[in-house]
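All chains are identified by letter, namely A, B and C, in their written order; residue positions are counted from 1 within each chain.
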């Protein structure tokens, strides 16, 4: 059963601890919203959960197994989106999504990719380089990527930033679908988010 | 035995240990240097072919040795640091680097001083001198990399990696330079292989080598203490140190 | 393996859509090779003598110039982070990137050098050896250079710092690469040189992706 356990995870920056050891559990179908002021370490926490940053102490468990010891299995189940979208401007939306899915270990067919882009209203622009798309359209390509992902755990750092109302609704829809399919969601955001179910808030910092 | 090492690997403990050790090491270094120089420049006989100029080997050869040994030490601490993630390893490597670079430079400079009366040129592309030059570049590379990265932890780990990569390459570099040198029939700055290299000469070089060793250890102890204070300045024990209280923000 | 292939194809595609970066590295090689005769004089015997060395140093510098491109763009737009989060072994993915880099920056040098060798009046066997030595040597440059590029990601003064780190490590390849052409020229035969280049190529190809992955993880912590 999918379950994320964070046990006494702490972080050090410049020789001193950034925040006190954090422990929490996230089960299938649950979402957790990490809140806190700027600079308190929200991004660091998310990156430590994914294993991108080393933790000063503690461990992360996925499905009961320590992620540090079973990296590949954990990485197969997790999707992380940070501040940059990880998209290439010179490639088309189709090429970007195809590469991303192969590298994530979950190759998707061309038909599925086109369908996801269609849902995001980008079917007509699927073959154009991302360079010519607007910022909002690029974010929708990232949304399509979320849609196509079969990862159980989604770790999203500020996914709602700089989105207009329509895009916020679209993202909320994608996240809701994910949770309905027993996915897990860990995210940060400065604004209130409506995911159609209770979201566990987690306050970081004093 | 391992527990003792890990105990001393804690910055706080090492600070105390280094503080007690370095004055003694400095004194030993001074004494040995005096003895070595007296032996080398005073007692050792004049060389049959090279005259008085050869005496520079008493500094040149030990300096070359030290530059290579220190680089190996840096590689050793780097491996330790990347494997065990100890904070002290990074500090030791950083403390060793400037001294190693200095010895490499000293070796090059004394090599040139030796070469001038021998070959009439300030620099000859001798295999060993050229390898020493590249070793000097490796030192500079390490120092440049660790100075350029702001984040201390990343700087330590990146430096450790380049030190290890460099150490693996040093024998390859030496071999290739030697090959290059023999192929092009380059000059060779070396000691005349007289029937029996005077015992005195060997003793002289050994004394100087030990002196340089003691000096290195003294400098490393001293530098590591400074690094410890700088990096652990947020801890209680550093704040409580008599020379430090109030001086740090 | 499919993942590595996809990555190589992606990098090649990106380079073809941004041709200027790749081509400027090659033009640099051409320009540098032309500078030496201008500085030293057009005397044929001299040029024939310095030709292999000049072309090898030029190839080295051109490789150096193209190395930052290996990880910089990926790091800036977040795709490097995604690579680190891939379930596929990072070493494999990195070797894919290095392979693509060599195809774009190393292989063209192999083709270009003999052509430039004509400017130095090198005999045809020397031109052939020039190509062979570069064919064996440029992958090593890409491999070792990749480690330097990974270590200096996002660091101030990155390009020059990387050059300082990596050029001393290039010395063996330079010595045996240029030496191979000269040995052929002097009639000694370049068998040994070629064998040694090969002996350097194999460990470089096997170990550098691993060292590179370690460096990338350090850089992205």
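Definition applied: a residue touches a chain if its C-beta (ideal position, glycine included) is under 8 Å from a C-beta of that chain, and two chains touch if they have at least 3 such contacts.
As the structure is a prediction and not an experimental result, all values here were calculated from the model.
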If every chain is reduced to the average of its C-alpha atoms, which one ends up farthest from chain B? A
Chain centroid nearest the full-protein CA centroid: C
Whole-Å distance, chain B centre to chain C centre, using C-alpha means? 32
Between chain A and chain B, what's the gap in Å when you average each chain's C-alpha atoms? 48
Would you kindly tell me how far, in whole Å, the mean C-alpha position of chain C lies from that of chain A? 37
Where chain C touches two or more other chains at once, by residue number: 221
Give every residue of chain C touching chain A within the complex, in rising order. 2-3, 6-7, 10, 13-14, 17-18, 76-79, 81-89, 93, 220-221
Name, in rising order, each residue of chain C that touches chain B in their complex. 144, 147-148, 151-152, 155-157, 161, 164-165, 167-169, 171-172, 175-176, 179, 183, 200, 211, 214-215, 218-219, 221
Can you list the residues on chain A that touch chain C in the complex? 50-54, 71-73, 75-76, 78, 80, 82-91, 95, 98-100, 102-105, 107, 129
Mind listing the chain B positions that touch chain C in their complex? 82, 134, 137-138, 140-141, 144-145, 148-149, 153-154, 157-158, 161-162, 165-166, 169, 172-173, 175-177, 179-180, 183
